[in-house]
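Okay, here's the structure, questions in a sec.
Order as written gives the chain letters A, B, C, D and E; numbering starts at 1 within each chain.
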Amino acid sequence: DPVGACLITKTDTNPFFVKMREGAAAKARELGIDLDSYAGKVDGDNETQVAAIETCIANGVKGILLTASNTSAIVPAVRQAREAGILVIALDTPLDPIEAADMTFATDNFKAGELIGQWARARLGTDADTARIALLDLDISQPTVGVLRDQGFLEGFGIDIADPKKWGDESDPRIVGHDVTQGNQEGGRRAMENLLATDPSLSLVYTINEPAAAGAYEALKAVGRDGAVTIVSVDGGCPGVENVKAGVIGATSQQYPLLMASKGIEAIAAFAADGTRPEATEGKSFFDTGVTLVTDAPVEGVESISAEEALGLCWG
Amino acid sequence: MSSQAEPTDDFEGIAARAPNRHAAFQPHRKGAMGRAHDLLHATPALVPMIVLIAAVAVFGLVLGGKFFSPFALTLILQQVQIVGVLAAAQSLIVLTAGIDLSVGATAVFCSVIMGKLVFEVGLPAPLAVLAGLIAGTAIGGLNGWLVSRVRLPPFIVTLGMWQIVLAATYLYSGNETIRAQDIEATAPFLQFLGGKLQLGGATLTFGVILMLLLVLVLAYALRSTAWGRHVYAVGDDPEAAALAGVNVHRTLMSVYLLVGLICALAGWVMIGRFGSVSPSATTGVIGNIQSITAVVIGGISLFGGRGSILGAFFGALIVGVFELGLRMAGANPQWTFLLIGALIIGAVAVDQWIRKVSA
Amino acid sequence: MTDPVLSARGLVKRYGRVTALDRCDFDLMPGEILAVIGDNGAGKSTLIKAISGAVIPDAGEIRLEGRPVRFASPIEARQAGIETVYQTLAMSPALSIADNMFMGRELRCPGIMGSLFRRLDRRAMEAFAREKLNDLGLMTIQNITQPVETLSGGQRQGVAVARAAAFGSRLIILDEPTAALGVKESRRVLDLILDVRARGLPIILISHNMPHVFEVADRIHIHRLGRRLCTIRPADHSMSDAVAFMTGARTPPDVMEAA
Amino acid sequence: MTDPVLSARGLVKRYGRVTALDRCDFDLMPGEILAVIGDNGAGKSTLIKAISGAVIPDAGEIRLEGRPVRFASPIEARQAGIETVYQTLAMSPALSIADNMFMGRELRCPGIMGSLFRRLDRRAMEAFAREKLNDLGLMTIQNITQPVETLSGGQRQGVAVARAAAFGSRLIILDEPTAALGVKESRRVLDLILDVRARGLPIILISHNMPHVFEVADRIHIHRLGRRLCTIRPADHSMSDAVAFMTGARTPPDVMEAA
Amino acid sequence: MSSQAEPTDDFEGIAARAPNRHAAFQPHRKGAMGRAHDLLHATPALVPMIVLIAAVAVFGLVLGGKFFSPFALTLILQQVQIVGVLAAAQSLIVLTAGIDLSVGATAVFCSVIMGKLVFEVGLPAPLAVLAGLIAGTAIGGLNGWLVSRVRLPPFIVTLGMWQIVLAATYLYSGNETIRAQDIEATAPFLQFLGGKLQLGGATLTFGVILMLLLVLVLAYALRSTAWGRHVYAVGDDPEAAALAGVNVHRTLMSVYLLVGLICALAGWVMIGRFGSVSPSATTGVIGNIQSITAVVIGGISLFGGRGSILGAFFGALIVGVFELGLRMAGANPQWTFLLIGALIIGAVAVDQWIRKVSA
């Protein structure tokens, strides 16, 4: 019997997870592992992920790679899987508590946000104190990734984030408002229009991901403010990096889903072979797959790579 | 009586002397086949059951023992318990020719109330559960009042209520999940319905048992009590029901209140199943479509007054079997999604075909 | 002269631009069969709907045994003992004959099954329904549990009439009860009406069938253009007179009996 | 003897456990008014539904002017010139009287508005509808654009009869056309039936009103328990005979005319 | 004619001599108020329009010039253009007593087809658009066939189709977005409907104009052509319509085909609005609920046969006004969501109230 493994992503409508799945599938083929993949139906879908974990248990797999939609609510199901002798690796987002999984291969989403926040602050220079900031988030249910990126960005920009577990409770007058995008162009455009109508003098836009950024850009272009507003984003997908290169997006934090996925599959293969469990990165409680700032306008004090370089590393 | 009104030919008098004999046609169907027909005719909920059994059989054949294990089969029950409870509630509304888009959101909201009352207000868990049940009933009552008294379309009332309750859930909870470990430590009663009965490889949770009991009790009430007949009459033709002496308002209110209560129960079931209290649970967003799907697959007419709640339960199970079966077969999520779409159409087509053949 | 069981004064009911009842008066005497006749669209059905609580009149007053009443729904009228067969029959098509007959006053099983579990006594209800239908000669109904929607037009009407006759306790209103009935079944309904009167209950009968009206009615209320034109006794006038009044071919004699 | 316009042999139609048509035969002669009488639930409506394509019989054969036909829908029957007033009237409650009368054969405006923009000629349709209703004496209809659901029972029936009479080109079927009609309106419908016959069209008339049947019918088809019991001529038998046959009080003479 | 059948009293003869006079009641409403009543009675679509105007007025008062600017008011039109087109399609289906859950997904699928055919197959853009329109029509036709011929409930057919089309979109596109910049460079025709007419501060895109034209043409067709009357008749009572001589199958097929085509048009509108082709557009998931909401707010009955397409258009605008108005008033997204729920209920309650008062 070949070794069985599962990959459970948040959704499969986001290119990020599609690429993650493709990366995992390729690696699994290479190592002769039988990989089944599952996904939530909408952002924040915990129920379907629980059902997926149960299915994996029923199927008797050796390991599960999981990008949790709800990092604390999924924990009992993960515990059940581990009790059944399955290696559970959290990808992309750590569980809450982080030791609920055997290991975490993740980007630090808060850090990803922090990087673009710091970049934006430096980029705006003295204008930063009078900036008018719009935040285009994921969904009103405030899924964990969205909160981490948003709060990281604000922290990096130097704004008091109040409760780090939710967005929208900040009192800084520079914030024009939050709106939600579902992480796609359509939502990005509508949210941008709404906030533009509220305050046409916007100067900085944070977006949850690059499709939302592209939508926001269309809205800005429609009112002729595309040159005057800086857009920052997170993900580092190839269309996003193209957009950095084209000047649509000022800077984005690049993640490496393919890396996470292939590392995860390798860890399962190793576990199946002799029971070894993966190790965390030095000094961290998880295996950091890294995040890099991508911009063609580097600033002092924030490490970054150019869009050209990023194109060689991008996914999707 | 005016004598001049009498026609000369007393043809009406003849009629009175006609024999009091029943029409007697010979029955035209005989044997086992005929009896099967009659059975299907009398108990239409059998039709989705046949589809269900067929689905289980097909997946069993394809996937073998892995699927046909007590573990996997009872897993289906666990996976459908929330949708099953919501479908029971939805059935009641749909039988009255309504639709309830707020069932899932109400369930999530009530689970959040139960959790918050324990962890923020410090109420004992049973009281918190009671408060959650009352809150659900109140939401149902408000829906019912708007539908029955203000005469707004149920679609609009519950659409609005859906958005209101969903947003209220997020606002009230601050989007924070209450972790399973904390509940286990402080208020295990909240997780009561997650308790298990282990019978060999089969696992029945109390939540599953609650769902089964609920469906049976409602099926009895709808079939064998006056209230049940009134629900059907109101859904069939509310004007005729009112003229015939049914208190349409009271019937509608009782249905909506009961549905609110059942949704709150579903919220408690959710805590049992997931261990934690999570305001972002997807049931809040897609619980309505899932329950309506179960109801319609189960053969209840969206125009009201026709169908059985057992059918809706089988409908929920059919979707559960498809989902687990396809997942176990390793179909990727998009293909699973696509195939389930096709299977839903297929299941109802088969259902229609059985009904036609057995008519 | 005795007081009317039921009387109405100045009833008005408008539907958009149509005035269905135009300051209509009405009186029903104890123990009588009162026929209401009139052209199509004259407002007869609207009149009895206003009396039975199915429609709330825009103006006017209704008195039951001298006391003013305002029925907000047919249920209230029913509780006051007024049983009505509407022209539209008021049946739930998907429910069975027995369910329809007992709608709103179902029988429960004796003992704990009934009191605690509120179980319907289907056996008793079906037996009762069958008996009432047999009384009406509706022999072609083969299956008392079949849904009403599968009955023929006349069978359906028979069920409605049987329901009203079985349960009326103070007065019975019949809106064209024999319209769809066969000769034999119509005859039975007329007999039934006479039976009911013999039990002392007054009856309002709307019908377009003049021979029937003249056969059973004690008095005839002639309705025209939304109001009572006059009331006549069948003994005093011929059918031709009645039809002439009702259609406007002739005006009724000026001096009419008060009620 | 001439050949029948329409004939049926061995029609069978079952609904679940109920047999509504039980090897039923049927014949309609050119230019005649054929009345169909029978108890409630005898299967009369089912018979004419089978003939007019509204119901597809389980067995049996229908011939129109000698050629076997199988109507899959009422539209096909209508295209063959058969126009029917169903007992349920077949109206769209929310649509206006004119819309209902012209359903499926709407008039378009002349000129480009009609040919290119396919605009309905409402003016013409409404004028036509009003004229036809006036012919029937349905004077209380105040507004030709009001939805059918706001009409009284009888008014609605009048609209259905007017529709059939206006458009039938080969034969007209009327299922209890006067059941809900007033005296005056019924009279007009009978006149209309005689008019139609005078135009040479045969008519099938289902009715429970014996005087009417004996007044206008050329022949009477007596239906009992799902099949034709016999056919009689009104001149040869009394109403009492007909009712006795139809209710089973007496068996008809053995030897019956062939058609 | 048998003479013995004649009753002695020729009461029927009398009737024939009755005068042929119309009933004449005096009209009971007069003056401006009466005329307003009659107008509302004759044109029920005016009611949602009044609600719309009231909503605009209230937000205008609260927010001042910011909201009452040509920019903000035409922005609403731009924001509702997709939902508006989908609502037009949905109206047709709902008028036939159906429901279409697949409208949004079909729109997204067709936009993906248009994009892929240009960028992968290399078709010229107009041809690609044509192919997209044909694909939409085909999906509509399949829905129609399943509803009309196989006689499955529209809810089930379109629920299944929704899942199938959505999954097919993701599978076919590999979830990859085609960037606005690339489309601009290679196939600007795809973005044609994004083109603008600037009139002072007001901006009308071709997509908005298409929506307006579509609504007007459909309103005309439904009101003033035989086809429109048949759509209403089929929705009102399909059996009666069939007996009255309407080809129910052909009417249903024409509606579903047309709806498929309109959904494909909505897909083209989407490309115009977003510049890019994005398979994960939210319209695919919630376009159905959004369009049904507009339809119901606009006063079309979910039971079919009653209501007007103009009402649905106003319904879409009402939601658009609420959304933009609340955002501009500074409500946060969760509160906006909650308040929109409440406002939807409120809008329909006002609508019902106006109807009642004007009855």
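We adopt the following convention: contacts are C-beta pairs under 8 Å (C-beta built on N, C-alpha and C of every residue); 3 or more make two chains touch, one makes a residue touch a chain.
What you see is a predicted model; the values in this text were computed from it and never measured.
Of all chains in the assembly, those touching chain A and also chain E are B.
Centroid distances built from C-alpha atoms place D farthest away from chain B. With centres computed as the average of Cα coordinates, no chain lies farther from chain E than C. Distance from the chain B centre to the chain E centre is 30 Å, each centre being the mean of its Cα atoms.
If you average the Cα atoms of chain B and of chain D, the two centres end up 45 Å apart. Distance between chain centres (mean CA atoms), chain A to chain D: 72 Å. Across the assembly, chain A contributes 12, 42, 140 as residues in contact with two or more other chains. In chain E, the residues touching two or more other chains are 4-7, 9, 11-13, 15, 18, 21, 23, 25, 170, 334, 337. Residues of chain C in contact with at least two other chains: 16-18, 41, 88, 139-140, 142, 182-184, 186, 210-211, 225, 238-239, 243, 247. A complete list of chain pairs in contact reads A-B, A-E, B-C, B-D, B-E, C-D, C-E, D-E.
By the touch rule above, chain C contacts chain D in their complex via residues 15-18, 38-42, 45, 87-88, 138-143, 146, 150-155, 158, 176, 179-186, 208-210, 225, 243, 246-247.
Residue ranges of chain C in contact with chain B, taken from their complex: 54, 73-75, 78, 84, 86, 88-95, 99-100, 103-106, 108, 117-120, 122, 134, 137, 139-140, 142, 182-184, 186-188, 191, 210-211, 214-216, 234-235, 238-239.
Of all the residues in chain E, the ones that touch chain C in their complex are 7, 9-15, 17-19, 21, 23, 25, 27-29, 38, 41, 359. By the touch rule above, chain D contacts chain B in their complex via residues 14, 16-19, 22, 41, 210-211, 225-226, 238-240, 242-244, 247-249. Against chain B, in their complex, chain E makes its touches with residues 4-9, 97, 99, 146, 150-153, 155-157, 159-164, 166-168, 170-171, 289, 292-293, 296-297, 301-303, 334-335, 337-338, 340-345, 348-349, 352.
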